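In what follows, subunit A forms one complex with subunit B and a second complex with subunit C.
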Partner chain A sequence: MITTHVNPLLAGPVAVLVLAGGAYLTAVTAAIIRPGIGIGTAWRQPLQRVAVLLVQRPTTTERPDGALWWFAPAAYLGTAALALTVIPLGTGVAIADVRTGIVVFGVAEVFAIVALHLQAWGPNSILPLMAGTRYLAVMLSYELVSMFVLIAAALPAESLAIGDIVASQADLWNVIRQPLGLPLFAVVAWGITTWGPLDLARSPDTAGGIVAEASGRNRLVWEWGRHALMFVFAAMSAAVFLGGWHGPFLPGWVWLCLKTLCVLWALLWGADRLPRLSTERAVVITWTLLLPLGFVDLAAAGVEALP
Partner chain B sequence: MTGSWLGRVAAGAPAQVFPLVGRGARRHVRDLLGRDEIDLVASPRHATVLLMAGQIPVAWDGFTDRVHDQLPHPRIVVHAPWDPGDLVEDLVAAHHAVMTGTTASTPPRGPATAPVDWKGVGPHGQGGEGMMGGTPYGRPMAMTGEDLRDGLQLDLVGVRIGPFLAWWWPPGLLLDLRFQGDLIVKAEVADARPFAQTLDDAKHMGGTTPPTPAEIVTDTLGAVGHQSLAQRWLACAGPAQRSGLAGRIRRSVAGFSPGTGRSDVDGRDLRQRMTEWVRLATIDTPTSPSTPLDDPPPLSGAAAVGHLPVLLAGLTWREAAVTIASLGLDLSEPGPGTAPDVDDAVSATALEAPG
Partner chain C sequence: MTGVWVGIAFWIFAVAALWFGWRVFVTDSMVRASYALLASFVNVGAIMVLLLAEYVGVALLFMMTVEMVVMALFMIMFMMNSAGLNPMQMVHQHRWSIAGGMAMAGGFGIALTLPSWPDRPIPTAVGTIRALGLELLGGSMLVFESVGATLLATMLAAVVLSSSRGRYTADAHEGSIPPPLDPDEPDSWAHAEPDEDDDGDAHAGHGGHADHGEHADDEEHADHGEDAEHGEHG
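So, the complex of A and B:
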């Protein structure tokens, strides 16, 4: 149960701090996973790259949609903030633990998809647009998977609030009770952040796809949103599948941090290792394999929850 | 001053390099992939340094200028036409100079106007039928055409891609593609002159060598999006070390359906071709003549260019790009012929802004 809410006056600064720190940790972890880069370089490279983007001056394309040019990256980052509000930050602490936390997280995912499309449309350029079109083909399939696994996790708690879902794992973590949940949720994380196997919207053949025309601060805001979303998905996984703040000896927030970092590492390692998919293959795999597995996960959780 | 402080931090980042690869420079550019001080970026919009490596024909200035103007300020150009020498140091120094502001950003090269005027033809002035089709401002608008798969009428749009796209793209290859979504309905080679690449062009003028199987594997990994695996592969000292990565590389193209990019010439699809390149790169004598006659070598080089229209039709753009990279196309000598029409071509990224 969430018993403490962050003071509304502090909620904004806390969210910005967590999103900035989380995005930084994601960038450092991703750098460590690449070959030839040690921790000595990995901790400072993200900061240097941010500096490059701050030095670069804005560019434009022929007849872009000027409003979307800035709105899409801001909206993408905003969805990370929205999702963060319902995720526990410590034992019984959250920014705003509404009774329908799962729904809020789902809404954030949908808004992120909308932001991705706006980003593809904004520059009026063929390669970003083509990358966005592909994304349209795959998004529905993995979005359904997301809903199934999150509802399955909510069933034992008999509540849609994330705090209650964490509380329901005091004796048994959901990762053991519902072993399919976490791997399926990882696919959703890669889809929303266009990372690894689901990089269709920013693949090399489209010169970076939805960010092909973005440079400077515009790209910085987009990448901040993308890295922050990856962190938010790791934190959500820790809360919903790995028992959240539950754990012996250490304080709850330390357990949350440790679990989040482990999931973050696994997500980024998997993204580096797994094969990239063609549009057709991605759709076939999600509809014929992942979606049925999501059904099984939900059905098993439902049977277990029967009195 | 904040600006100079920020610039000094930015100067410490890896040089963000977008390479334009001319004759004889492809190996030098590919080697940059293994350097921690250099990032070979996906789009000129992400770069601080434009590298013009090897000999790029003067007739192609229109393309290079368009790519140049897509780099955000501050930007800098590094020319390496012949022996690259200290290429990495030059690139790092250039990045440093332009980030700290000790070197001024290069001014635009292209005209600040739309390359082609609006054409006042047809019911809405764009030159097509109804509200569709036509080429206003030289940009082809979508027009419906029959869908390859189920006979529906879907929007068709024409796009030119090349002659530069990324470090893994065969430089000089210019394609005219007709898309429905990202499905290629029709592919034509607008200019089939990938630049000849030699081991050391400055010393061995004339003699050309095809790309090695290991190099084709590197390029294909780049096209797929496995840049870190490509770096690991590039860092391998020889066939023995490479064989340790063979399984992972074969799996890296497992995300493409069997049959993708299949050619009747060598009887292989993309995945089988990649398996064969990996096999050739991990045995000690890759050009061993003991290859049985019923097992032809993978389709590659100049011979493959003529097959591109057949190979690419029906593929999605991602499948097509990876197929192109797996063919090792940088073999043919630049042939005679005029420079292609620059005005409506897509260089590196599409639809360049005027000014």
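So, the complex of A and C:
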């Protein structure tokens, strides 16, 4: 149960702090995981990239859809903020504990997809458009998996509020009760953040895809949003599948941080080690393997929840 | 105090919903039109949350977003001028559609504002939702749900039957027949083959055949077969 809310006046600064710190942690972790880069270099690599993008002179294209291209990175970062509002930040603490937390998180996921499409459409350039269109076609198949595993996690709690879902894991974490949930959710995280095996939106065969034309501050905010979304997905996994703030000895927020960092490491490690799938193979694997597994997860949770 | 803020928020969302709804019909870009419609729906969803219909409002956001993404995708695929780089008209019978739209909006407005609606909070113990479900479906609940699952299975089966395995699979188009060019003549696709080279590179016209190199022999046979068929029709 969420018993404490962040003061509404502080909610904005808290969200910006968490998103900035989370994005930085994600970038450093991703750099450490890459072979050949030690922590001595990894901690300053993201800062250098930020500095370069801040002073970089932005390039533009011929007749871009300026308004939508300008809006896309802001929307992508905004979806990370929207998702963060429903995720617990400590024992019983959240920015907004809405009764439909799971659905709000789903809305953030699909808003992120709209932002991706706008980023692909905005520059009026063929490679971003191709990559973005291909991404949308594949996305439709794994977005269903996301809803299946999240609803399955909501069933034992008999509530769509994320605080209630954490509270329902006091005795048994969902990762044990529903072992399929976390791996399937990881696939969705890779898809929405365009990371690893499902990174069909930024792949080299489209010369960088949706960000091929993005530069300067557009690119900076886009990468911030992408890294922040990855962190938010890790925090959501920790809350929904790994028992959230539950754990012995240490205070709840420490457990939340530890679990989030573990999931973050696993997500980035898997993204770095697994090959990028071709479009057809991604669609086939999603429809014939992941979607049935998601359905099994949901059906098993439903049978278990029967009185 | 909360009531004042709710009132202010309502008017902001209401004006934004109308404004974005209007933008749908004045923009030339299909992507802008799709996402302007989405922005309009987002504001309607926010109003529903204000009305304490929290689940309906948030679920509306989710469903409309996915629908508008799919719509934008189809618009880009099928519209000749999807970016709106040339001016175009979004509606047919422009004046009539304006008049019809205003009449509809006015009619709904009158129907909603003129009657004196009852203001009786329903006690939660009554079980309104259960009663409504029984009233709507009665004993047919199981049949209704089964039909839903059957329709879903039918849709999935249609997708499976009509999908091809893509250009990386050798037998991607095995057994498939291209759609006819002339709807009245089911075989009309066969007449569209290039006539000039009878034994040469005839399969240049078939877009779908993958792996020309590996199955060169099979391709030759297939082409001769089609050429013979072609001769009969011609």
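Here, the second predicted complex is superposed on the first by the 307 of 307 C-alpha atoms of A that agree within 3 Å, B and C clash if a C-alpha of one lies under 4 Å from a C-alpha of the other, contacts with A are read in each partner's own complex, and residues count from 1 in each chain.
We take it that contacts are C-beta pairs under 8 Å (C-beta built on N, C-alpha and C of every residue); 3 or more make two chains touch, one makes a residue touch a chain.
Bear in mind that the values here come from a model prediction, so they are computed numbers and not experimental data.
*Asks:* Is A:Q56 touching anything from subunit B or subunit C once the two structures are fitted on A? First, second, both or neither.
*Replies:* Only subunit B is touched by A:Q56; subunit C is not.
*Asks:* Could you look at A:V114 and tell me whether it touches subunit B, subunit C, both or neither (first, second, both, neither)?
*Replies:* The second partner, subunit C, only.
*Asks:* Identify the partner contact of A:N124: answer first if only subunit B is touched, second if only subunit C is, both if each is, neither if none is.
*Replies:* Both partners.
*Asks:* Thinking of the overlay built on chain A, is A:N7 touched by subunit B (first), by subunit C (second), by both, or by neither?
*Replies:* A:N7: touches no partner chain.
*Asks:* With both complexes overlaid on chain A, does A:L140 touch subunit B (first), subunit C (second), both or neither?
*Replies:* A:L140 sits against subunit C, while subunit B stays out of touch.
*Asks:* Looking at A:A214, would you say it contacts subunit B, subunit C, both, or neither? Reply first, second, both or neither.
*Replies:* So A:A214 only meets subunit B here.
*Asks:* Would you check which partner chain A:G106 touches, where first means subunit B only, second means subunit C only, and both and neither mean what they say?
*Replies:* second
*Asks:* According to the stated criteria, A:T279 is in contact with first (subunit B), second (subunit C), both, or neither; which is it?
*Replies:* So A:T279 meets both subunit B and subunit C here.
*Asks:* Between subunit B and subunit C, pick out the one touching the greater number of residues of subunit A.
*Replies:* Between subunit B and subunit C, B touches the greater number of residues in subunit A.
*Asks:* Does any part of subunit A touch subunit B in one structure and subunit C in the other, and if so which residues?
*Replies:* 124, 133, 137, 278-280, 284
*Asks:* Can you list the residues on subunit B that touch subunit A in the complex?
*Replies:* It comes out as residues 6-7, 9-10, 12-14, 16, 34, 36, 41-43, 45-46, 48, 70, 72-74, 99, 114, 137, 157, 159, 165-166, 168, 179, 181-182, 222-228, 231-232, 235, 248, 251-257, 260, 316-322, 346, 348-354.
*Asks:* Where on subunit C does subunit A make contact in their complex?
*Replies:* 29, 31-32, 35, 38, 54-55, 58-59, 61-62, 65-66, 68-70, 72-73, 76, 83, 85, 165-169
*Asks:* How about subunit A: which of its residues touch subunit B in the complex?
*Replies:* Counting only subunit A, the residues touching subunit B are 33-37, 41, 44-45, 47-49, 51-52, 54-62, 123-127, 130, 133-134, 137, 197, 199-200, 203-208, 211-216, 219, 272-273, 275-282, 284.
*Asks:* If you look only at subunit A, which of its residues touch subunit C in the complex?
*Replies:* 63, 65, 68, 98-100, 103-104, 106-107, 110-111, 113-114, 117-118, 121, 124, 129, 133, 136-137, 140, 143, 160, 278-280, 284
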